[in-house]
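Below is one structure, written out as structure tokens; comments come after it.
Lettered A, B, C and D in written order, each chain numbered from 1.
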Amino acid sequence: MMDLNYITEDLIKSVGQFLPETALIITFLVAMMADILFKRSKHLTGYIAMAGLVIAGFLLYHQTGVNFKGFANMLVIDAFGQFMKYIVLLSSLIIIIFSFYSDELHAAHSRLGEYYTLIIGMTFGMMLLVGSSNLIMIYLAIETMSISSYILAGYTKEVKRASEASLKYVIFGAVSSGIMVYGISIMFGLTGSLNLFDINQYLASHQVDHLPLLISGLLIVAGFGYKISAVPFHFWTPDVYEGAPITITAYLSVASKAAGFAVMLRFFKTTFFGADQLLDGTWHLLGSINWHYVVAALAILTMTLGNLVALWQSNMKRMLAYSSIAHAGYLLMAVSVMNDGGVSAVLIYFFFYMLMNLGAFFVVQLVSNKLHTEDIEAYSGLGYRSPLIGVALTIFLISLTGLPPTAGFIGKLYVFTSVIDAGYYWLAVVGVLNSVVSLYYYVKVIRNMYLRDIESKEDKLVFSPSAIVIVFVLAVPTLIFGMYFTPIVEWANFSMNIFIGN
Amino acid sequence: MTHDAVLLLSIIILLTPLLSFLINVFFGGKLGKISGIIGTSILGIDFVMAIVVAFTKLVTYPDIHTIQTRFEWISLGPIKVVIGYGIDNIAAMMLIVVTLISFLVHLFSTEYMSDDRRYPKFYAYLGLFTFSMLGIVIANNFLLMYMFWELVGISSYLLIGFWYEKNSASNAGKKAFITNRIGDLGFFTGIMILYMTYGTFMFDEVFAGISSGVMPFNSPTFLTLAGIGIFLGAMGKSAQWPLHVWLPDAMEGPTPVSALIHAATMVAAGVYLVAKVFAMFTADALTFIAAIGTITAFVSATIAITQVDFKKVLAYSTVSQLGFMIMSLGVGGYTNGFFHLVTHAWFKAALFLAAGSVIHAMHHAMHHMHDHHTDPQDINNMGGLRKTMPWTYRTFLFVTLALSGVPLTSGFLSKDGLLAGTLAYANLTGGWHWIIPVMGFAAAGMTAFYMFRLTIVAFHGEPKTKIASHTHENKSVILIPLIVLSVLSLWFFYSPTPIDGSKGWVHRLVVQPASAVPAAYQWSFLLPEHAGEASPAMHAEGEGHEAAATEELHHEAQPAAHATTHAYLNKFQEESHHFHYIAMFLSVLIAGGAIGLAFMIYQYKVISADKLEARLKFLHTFSLNKWYFDELYQATVIAGTVALSKMLSWFDTYIVDGLVNLSAYITRGFSFITGLFDNHVIDGAVNLIANTTGFVGARLRKVQTGHIQTYLVFVLVGLLVLLYYFSINF
Amino acid sequence: MEIGLTHYLIISAILFSLGMFGIVARKHAIMVLMGLELVLNAANINFIAFARFGGMNIEGHVAAIFVIILAAAEAAVALAIVLNIYQNFRHVNVDEVDQMRD
Amino acid sequence: MVTEFGIILLYFILGFLFVGIALVMAALIRPSHPNPIKNSTYECGEIPIGEPWIRFNVRFYVIALVFLLFDVEVVFLLPWAIVFKQLGWFAFIEMIIFVVILLVGLAYVWGKGDLDWEKPKPYIAKLEDLVLGKKKQ
């Protein structure tokens, strides 16, 4: 049969381009076997996982400049995906390193093997998600990463909060993906295909009813919205972030958000915008639904709620959870303009967001190792008790606020520039007002660290030198990229073209 | 080595001292004495790399003007900031000067500073300083130059005030910093004028812009002003009159610091800056530069004659020599000015290190005798050190000869060329410009005089105190840097003949850059000889002109190197060659006379110093009190500022307040009413916004009930609301 | 009366709503998970119905299989988590698991 | 002609009828001599203790979950088996990989001891606990 031969050929060709993901699968299996065979060694699977991530990174590097559709058009390899995959891999690697320093994880070290293995599983899911161009593939990838993350969120299962977090996460996640798959089924019925390219062609050539398309689109966006914790799909975020181990909280706030934004951008671009690439980077919208406004509405809701509620938090992890919601709002602003400039801004922002957010969470983890609390009050005098850590946390928080001379400022600058370039001045105004609000709760922590008069000032906190080095490996780039950011901007501009199959 | 390798290596050279800084600042407490060894060895490695880079540049690529790279730093739509770094011939030579002296100072300090309890911090600061200085050296644009310029300012502030427990030290640090800031203000203004006009910070692009005929604000006056602004920065760093007052005070810093910063590197930064941007100075700007340099050279030489503090003499001598360099650049003697910078760096560093050696020995002797009151730096407490410290004496004597400009030394080669340049300049311009060579020669004579006064009083004769007789020669760690630096002051390193510096490699490699300034605003004798009239056409080429011009230069530079064919770059060089022998004769005569005078007064006491002092009472006091500059500033600038502020305060208190009070009475009635408005309406509005934000936040968080099912209801409701809203509106 | 696409869609919509109701209203965690299965099966019915009646390709069937598999995997993990909740809380009433809130 | 809804109705009716008739018939035909032992729950001939609606041991769930996962994966084998011949070696290798991955999972479960049926260790009270009244749970 001719047809089957063609499929086989396509498969063989695709497998050749599937190498980074394959490397992760193999790592996953090897790590699992190693975990059974060498039960004694504490970090062996961690090292295997790191090696696997590095190898996957190298293989990913070899895909530079490749534009490819494979597995019956289910997966796409392009520069945009490559950028996001780098972020996913890099943050996974950093998280594994963080995990070596985590006391709460080591309380249950007999199961650490599973932990690292599941991180690899989650990474694999995210890599798939970033490249998915088929709705079922998107669903499959979301589930792959989610299932791993449900377990990881409740990894310290003896802790009540952790098990509660994982219950809330699994129910919320399953419902969201259920809603999404229902939306997918409607989309399938409307357009007759699950493939984004085919859907795009159908939308370009046929008139589709407004309401069903809106329903299915919104239901699918609900699935993405849950991943990136956009309001009103964010409710799980604070509870899960607070309950989960800090490493996993950090991981969820960066990598899974990156994958969510990547698939969201790819979904919008590939599905709802004309396949004719315009040279000036603007996209041409198909159909009657103005997705710009839908996403802009989500953006406003998300950043406003995130920032306003963050004002009241007294737990550092919970505060950072709301802050990550707010950051999702800023990123959604850039998504809402839906042109190449916006994509580039998202990429730039994400790279910097990865550095500063992971850094902040690592400091929280280190402090929690010593003080056994995540209360913001406990940070009083930290600037004197451990000057280096205090300085680093200050850098991260200033960067999260988006003040110069830090990388966060540059990220925000590009986001706002893209929004203003697209003519959405009102959106930019809301964004700036939100940034002002966010200043308050970030600076509150800094004030606690330096300006609060406390007795324990002289009571020094001693951190291991390697941990401090890791903190500064994140803090120094946060500063340097605040001053010299051209390479990242160029890289993002190189990566902003989402491959749409022509 | 390829260009890329050179560039890579130079960035490593730049960053290596930073590594030393980081190590010592973060782990200094744990390292203790090892920090010195670490710092020294890091600088040693740095020096070796600098040699590699410098030799590659000077031997393999001598004719390429600058090996450089540039990259976009900031790109915000139309605003682009391009920066970069590069190595040209003078940068290559400076790399060696900075790293070698820094290395020797590091080495010297392992012994000199060994008793200090902030030993690691000292090395950290030294590393930071070396880093910033190297940054200045390899910058090829104004922006980076300015940034490192400020960094140098900060690190020197830290080093001068290193013994901040001493009030005088911390004051000196402040004085240095503030004085430098005044100069930097000018520097910054100059940079801004240029950036506004040419839209770039890169040296070569600015020069190309100037030579294409574009003028700031369409007026050559502003180009002159930009040049003078930048030169103001150089005046601050290089301690030029009238901003020279900080340098003698900066002697409060540890002596190795004085050797590194206030003799060889940082103060040379100003000269280096002027050399780097030499192409952009107009004739008027150059005249200003020459005048400032001359005054500096003369004034500080007169002050140095009467000082009794060992280091202060050297400090004023440094100021004077820097004046020479600036003067030389100002009259158009680019090569000579830079040559003097290099040779001066070696022997002045040696002089300071020797001073350090003496002071160290005096300290030890005092410590030994439990004497804590005698001033170990006063030369009247010394004497006879020749016998107790023979190696220090020998090196000191040799570099003193070099500084005085005695033949067979490097100082002779450079100072002779420099003075010939001033003669040529005066001859070409005429009129009152003859003052420049006259004052130059006078200063040169005084240099020889005060240096020998210092040598004789401190080293010769009988010990004037018991302390001096109990001094001992220092360890070899202290002597090795001295010897190395004095050897480098021998003539044959620079020229095959001991009497003519222009035959050496320095003159071949350090080629005066073609002036970018259009011919109308430049001295005609500084324009290329054969193309004197044709140059405007050449300038019209615009972009890429600089490269073309330098290439052309090298064609001309080749014959100039072989002095047999009398083809000179420009009229000035030809003229200075003519004046070479006259200058040599004059300077040897003057220096010899001055040295003889010094011996007669202080060694053989043929002329009584005291009587001379009494006879020239007025001049002596004037010189001893440093021309009353500090008092002058105290009385004018500082007192003026204070008086002004007092006056303003008085004005405030009586006039303004009176008026205010008056109107206050009138408005009180209104304000009572408006106050009510303010309190209840305006403040209310502000508070309302803040409280509303908080209130809304507080309400919103109530949504987070903790019940997963409630969350899901909210999700569904949210979805329905979105659906409803967008199905209706769009 | 012909049984057409519409009927299947209505069935699936009812199933979806029932599932959602179960998820939101039932206290017992297992019941919540069962509601979830209803939601997923509603989507499955849609897929199969569209594939059958819309004259569409096999993609619908494949999608249904994938959804079944993932539902099973998810259910397995969810059950394990519910067990863990029981270990910690000694009950599995989702509305009483609310230690973390604002 | 019956409509399609009619067919569904007939289907329902037939279903009810079949089950109902079978139950009624059985009730009519079978002899009825109840006694307590007959009415008790059948547990392989053992005498039942307590209520049948007890909580099952958690270990059953673990085994059941593992079974469920592996069972469902078989769904993928079915479509493959149908077109196996036409797909050739490549698809065969692919399926081998699929099965191997499953096997690694099984090995993991096994290696972790989740398939073992561990009996709980009975608590034997020590004398001092009894004496001091510090009985631990």
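We adopt the following convention: a contact is a pair of C-beta atoms (placed from the backbone, for glycine too) under 8 Å apart; a residue touches a chain by one contact, two chains touch by 3 or more.
Quick caveat: nothing in here was measured; it's all calculated off a predicted structure.
Just to be sure I understand the contacts, which chains border both subunit C and subunit A?
B, D
If you tally contacts for every chain pair, which pair is highest?
Result of the pairwise contact count: A-C comes out on top.
Could you grab the centroid distance between subunit C and subunit D? Build each centroid from C-alpha atoms only and quote it in angstrom.
About 20 Å, centre to centre.
What whole-Å value do you get for the distance between subunit A and subunit B if each is reduced to the mean of its CA atoms?
Measuring from centre to centre gives 49 Å for this pair.
Return the distance between the CA-based centres of subunit B and subunit D, expressed in whole Å.
About 86 Å separates the centre of subunit B from that of subunit D.
What whole-number Å value describes the gap between the mean CA coordinates of subunit A and subunit D?
39
Among the residues of subunit A, pick out those that touch two or more other chains and give their numbers.
Only 167-168, 171, 175, 179, 238-239, 309, 312 qualify.
Would you mind listing the residues of subunit B that make contact with two or more other chains?
Residues 701, 703-704, 706, 708, 712 of subunit B touch two or more partner chains.
Where in subunit D do residues touch two or more other chains at once?
Expected reply: no residues.
What kind of graph do the touching chains make: line, ring, star, complete, other?
other
Okay, what are all the chain pairs that touch?
A-B, A-C, A-D, B-C, C-D
Within the complex, which stretch of subunit A touches subunit B?
It is residues 167-168, 171-172, 175-176, 179, 210-211, 214-215, 218-219, 222, 231-233, 235-236, 238-239, 288-290, 293-294, 297, 305, 307-312, 388, 413, 417, 437, 483-486, 489 of subunit A that touch subunit B.
Report the residues of subunit A in contact with subunit C in the complex, numbered from low to high.
Touch list, subunit A to subunit C: 136, 139-140, 143, 146-147, 150-151, 154, 157-158, 160-161, 163-168, 170-171, 174-175, 177-179, 181-182, 184-186, 188-189, 192-195, 238-239, 242-243, 309, 312-313.
State the interface residues of subunit C toward subunit A in the complex, per the touch definition above.
Those residues of subunit C that touch subunit A are 9, 12, 16, 19, 23, 29, 32-33, 36, 39-40, 42-44, 46-47, 49-50, 54, 56-57, 59-60, 62-63, 66-67, 70, 73-74, 77-78, 80-82, 84-85, 87-89, 94, 97-102.
For subunit A, which residues are in contact with subunit D within the complex?
Answer in residue numbers: 1, 4, 8, 11-12, 25, 29, 32-33, 35-37.
Could you list, by residue number, the parts of subunit D that touch subunit A in their complex?
Those residues of subunit D that touch subunit A are 83, 86-88, 90-91, 94, 101, 104-105, 107-108, 111-112.
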